[in-house]
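The same chain A turns up in both complexes below, where it pairs with chain B and then with chain C.
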Partner chain A sequence: MANQSRKIPIQHIVGFALSITLTLLAAWTALRSSLPVMWIIIAILTMAVLQAAIQLFMFMHITERGAGHAPWNMMFHAAVIAVILVAGSLFTMSFGFHYDNGGGDSQPEQQQEQHQN
Partner chain B sequence: MQLDEFFVTGEPLIYAGMVAIALVTSAVIFLLTYFKKWGWLWREWLTTVDHKKIGIMYILSALAMLFRGGADALMMRTQLAFPDMNFLDAQHYNEIFTTHGTVMIIFMAMPFLIGLMNIAVPLQIGARDFAFPYVNALSFWAFFFGAMLFNISFVIGGSPDAGWTSYTPLAGAAMSPGPGQNFYLLGLQLSGIGTLATGVNLMVTILKMRAPGMTLFKMPIFSWSSLITMFIIVFAFPILTVALALLTIDRIFGSQFFTLTGEGLPMMWANLFWMWGHPEVYIVVLPAFGIFSEVIATFARKQLFGYSVMVWSIILIAGLSFLVWVHHFFTMGAGAFVNSVFSVSTMAIAVPTGVKIFNWLATLYKSKIQITVPMMWALAFIPSFVMGGVTGVMLGMAAADYQFHNSYFLIAHFHYVLIAGTVFACFAGLIYWYPKMFGHRLNERIGKIAFWFFVIGFHVCFLPQYFLGLDGMPRRVFHIVPEWFNLNVVSTVGAFGMGIGFAVFVYNIYYSYRYSEREKTGDPWNGRTLEWATPIPVPEYNFAVVPHVDSLDAFWTMKERGESPYDESKVKPIHMPSNTGKPFIMMGILTLASFFLVFEWIWLAAAGLIGGIIMMIIRSFDYDEGYHISSEEIIETERSARGL
Partner chain C sequence: MSTEESNAKPLEYRTESGELGIVGFWIFLAAEIALFGTLFATYAVLFGRTADSPLPSDLFEPGSVLIMTFILLISSFTCGIAIHEMRRGSVKGLVIWLAITLVLGLSFIGLEIHEFILYAHEGATLQSSAYWSAFFILAGTHGVHVTLGSGWAILLLIQFAQRGITSITSRKVFILGLYWHFLDVVWIFIFTGVYLIGMVI
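Moving on to the complex of A and B:
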């Protein structure tokens, strides 16, 4: 690593600038633009996918080969955790499985409210 | 903002705290100036990238935090000793239980274990340092400044008071105005940067820098448990980072993620918090298991029984740790099906944990046990931890949890697992590796006194709390009623017993520094793993010749074959990283920025953030490639250290 690069790492700087731009753009879309809510959500989700792609290709060595394909291994684990996070949160937080909401449940009305939105 | 709003006023205890801080700070400054030690402090410690020195700094900070969290605990126990005590008022009591929990988990348990990993893991795997020594220094300073930011809250601005879990909506801006909760959010965020960086750093170190021949399944068990812990850190800590950031944005910039109004979802905080929080439990207990395994194998004079089963149970525990988080809030009322799923997954964790307990017992079976102080901590761990684990299974049954939830039964349970697991392991590990750090052993006799005070105090303190919980005493109350008096007073006596144990332990550090015999060999305990193959004091490059490993317990095999780990003919110049002050300065600036953000002085905070980014840019163009230690110098160091 020592001898390899005294030159400016163009790819990293471009990637960095792009990801900052996307972040600012997403913040602007959410806070200042007057788009309808659905379009805001679509726009920031699209930008999120682009952001992830920039990270993977420009910083995370996704195209690299050799050394036991470590990036793929980590990405597999990360994907599992992401699925647990999202599916698990939906599973526990959507209150979709009301068999018996009586015992010990102190504030059923409030939870109903949350459930409806 | 007036000055009397900036400083906390009106509490005699806090005034005493301020005086103490002022006195200690001026004493330190005076001593450093008087003995002309500023240069030494900067060169040897503040700018070091050596994993052994960083480990020592981690452990010293963690001991200071153990003192702080322990002082909080003693104040709480004093307040709860008698019915209607007026030692603390309600607000102060809330602040103290909040800081006690946060300090003990985030700023004591994790740094203590990470400090031990810093010292032991590179030595165990035959590496010369961490994969990224600069990042390691950065991690330490992130943790240290984060801890300082959190601790300063009790004299400046007021401490957080919403519990260590910081549940919304209570912790939101509407119900907890003022800087207190911000201290919690930013202190944790800052030290979280350090933890996450350590996670990546140590993972790479263990995966890539093992000595030749050391396959993963010939790796010492403590390194294994560290590796798995790092995986949990890397996958769990981002969840905390995001949750903290969302709540910070809620509080400071008025968004509505966790608020009651504006379609916020307060329970989502609990969900995210425990998605990190449960793996966090295993982050602090798996390394503890690793330490006990090392200690038990060393002093039972046997190879660890069922080594590969031990490894697989750690991996299984780590995997399951991401699937049980809802058991912390069964009473939220997600419904019978959700609770049943998490009840079952919770009980499943007891299986690999039980396997580990039996493996430790099997290692001890028919062995010639040497009763040293680290071994005593390990032996005390097994029954105490089992008591914590069994009550954990009771709490894991969702239906029964509706009775136990938020009672002292829960308090007793998690202190039984965290103290008997993590704290006992910290003591065992510190005493075990102490000769590697400081060149002498801790005194055995005083160590045993500290052990008995602490362990007996621990049981006297927490066993009654199970029964208090069953008698209906809820957690986080600051007045007890007469029905709970007897058991509470017993518990308080036990707490002070633990306090005495800790004091004796600290005295032992001083006593041994003065009077203990200096170690002449690098192997005071007749150890089995590679860290004992290095001389004492450990040279900055660790291994003059990187050993070749072909068995588990590599150093033990070497000793059996009569080989020496050092071969003068194989010495080559060693490439070392240069010291650098940049991590210290960078994290100092970011801490200042966080402090401004705590008080919501946005422009000052933004300026601090820009300062941090400038430091990162400077780092990006830093082409320092370190230096080489010549063969002659290595040979000279090794000869004097090994007495050749």
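Moving on to the complex of A and C:
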């Protein structure tokens, strides 16, 4: 924002390069690395949050003074709502419950198997 | 006047209605995040409930999903450049970059439709299981948003050709830009939360 008339939008190019790198890194982590599944999920979700932040700060000018503090407030509170929605739903609906995928009759051993997958 | 302008706010913020319009759009985006939050929550809860239909790990392919992701990432970048050009006062730059964004957006929609048809042929449709319902509603809602955004961009391009850069048209393009970047943010989470996790588990 320092200079509107700057010819080359450095902020955008840096943001773009970072997003591409994070996307490739996330894809590599998910598909090629041999980390445990839980670590992969945590790693790629962290990278997604980072990439969303890059979009907000570098492309959407969230800190631009024109609209005051509203954008930042809106995004922060909406993100909190989204996290509560997803984590809360998973906690109430799925936590500790193991679905017997297509098995029909639920024998204890089968449920154990599901648990390990 | 010109030295004053370079220090002032960008054109789209200079009228009160422009400024309020942009603040209002941020409120709308917050509501959109809540909407997508509910869809992601539904998807997460129904994950694995595929019944007799194919598993997501059998259908998801890294190649096409990565291409879609890059198309949307690049379009978000070109859209940012379009806003940048608009603030430099270049109508030509704005129209060219916005047109590139539009083409990328349309090719994204094309790829997504192609993908959905492929899944449907493999037996994964909206009706086939709880998991696939949640998947198609989530990805489909995002696709509908991209479609609406593309229509919006076409209308704005027409208006720009007629009126040039004014405080009103610049506000409209800036808001379209916010919307477009927001769609990319949502896609990042679909790419990670749906496709990558679907391929890992």
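Throughout what follows, the second predicted complex is superposed on the first by the 61 of 117 C-alpha atoms of A that agree within 3 Å, B and C clash if a C-alpha of one lies under 4 Å from a C-alpha of the other, contacts with A are read in each partner's own complex, and residues count from 1 in each chain.
Simple rule for what comes next: a residue touches a chain if its C-beta (ideal position, glycine included) is under 8 Å from a C-beta of that chain, and two chains touch if they have at least 3 such contacts.
Fair warning: this is a prediction, and the values are worked out from it, not measured in the lab.
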{"item": "Touched partner set for A:91, first chain B, second chain C, both or neither", "value": "first"}
{"item": "First, second, both or neither for A:60, with chain B first and chain C second", "value": "second"}
{"item": "Which superposed partner A:41 touches (first chain B, second chain C, both, neither)", "value": "second"}
{"item": "Contacts of A:33 with chain B and chain C, given as first, second, both or neither", "value": "neither"}
{"item": "Which of chain B and chain C A:78 touches, first, second, both or neither", "value": "both"}
{"item": "Chain C versus chain B, contacts on chain A by residue", "value": "C"}
{"item": "First, second, both or neither for A:20, with chain B first and chain C second", "value": "second"}
{"item": "Common ground on chain A, meaning residues reached by chain C in one complex and by chain B in the other", "value": "70, 77-78, 81, 85, 88-89, 93, 99, 101"}
{"item": "Chain A to chain B touching residues, read off their complex", "value": "2, 6, 70, 77-78, 81, 84-85, 88-89, 91-93, 95-101, 103-105, 107-108, 111, 114, 117"}
{"item": "In the complex with chain C, residue positions of chain A that touch it", "value": "3-5, 7, 9, 12, 15-16, 19-20, 23, 26-27, 30-31, 37, 40-41, 44-45, 47-48, 51-52, 55-56, 58-60, 64-68, 70-71, 74-75, 77-79, 81-83, 85-86, 88-90, 93-94, 99, 101-102"}
{"item": "In the complex, chain C residues that touch chain A", "value": "6, 9-10, 12-13, 19, 22-23, 26-27, 29-31, 33-34, 36-38, 40-42, 44-45, 47-52, 62, 66, 69-70, 73-74, 76-77, 79-81, 84, 87-89, 177-178, 181-182, 184-185, 188-189, 191-193, 196-197, 199-201"}
{"item": "Chain B residues within the chain A interface of the complex", "value": "207, 231, 235, 239, 263, 265, 267-268, 271-272, 275, 322-323, 325-326, 331, 333-338, 341-342, 402, 623, 625"}
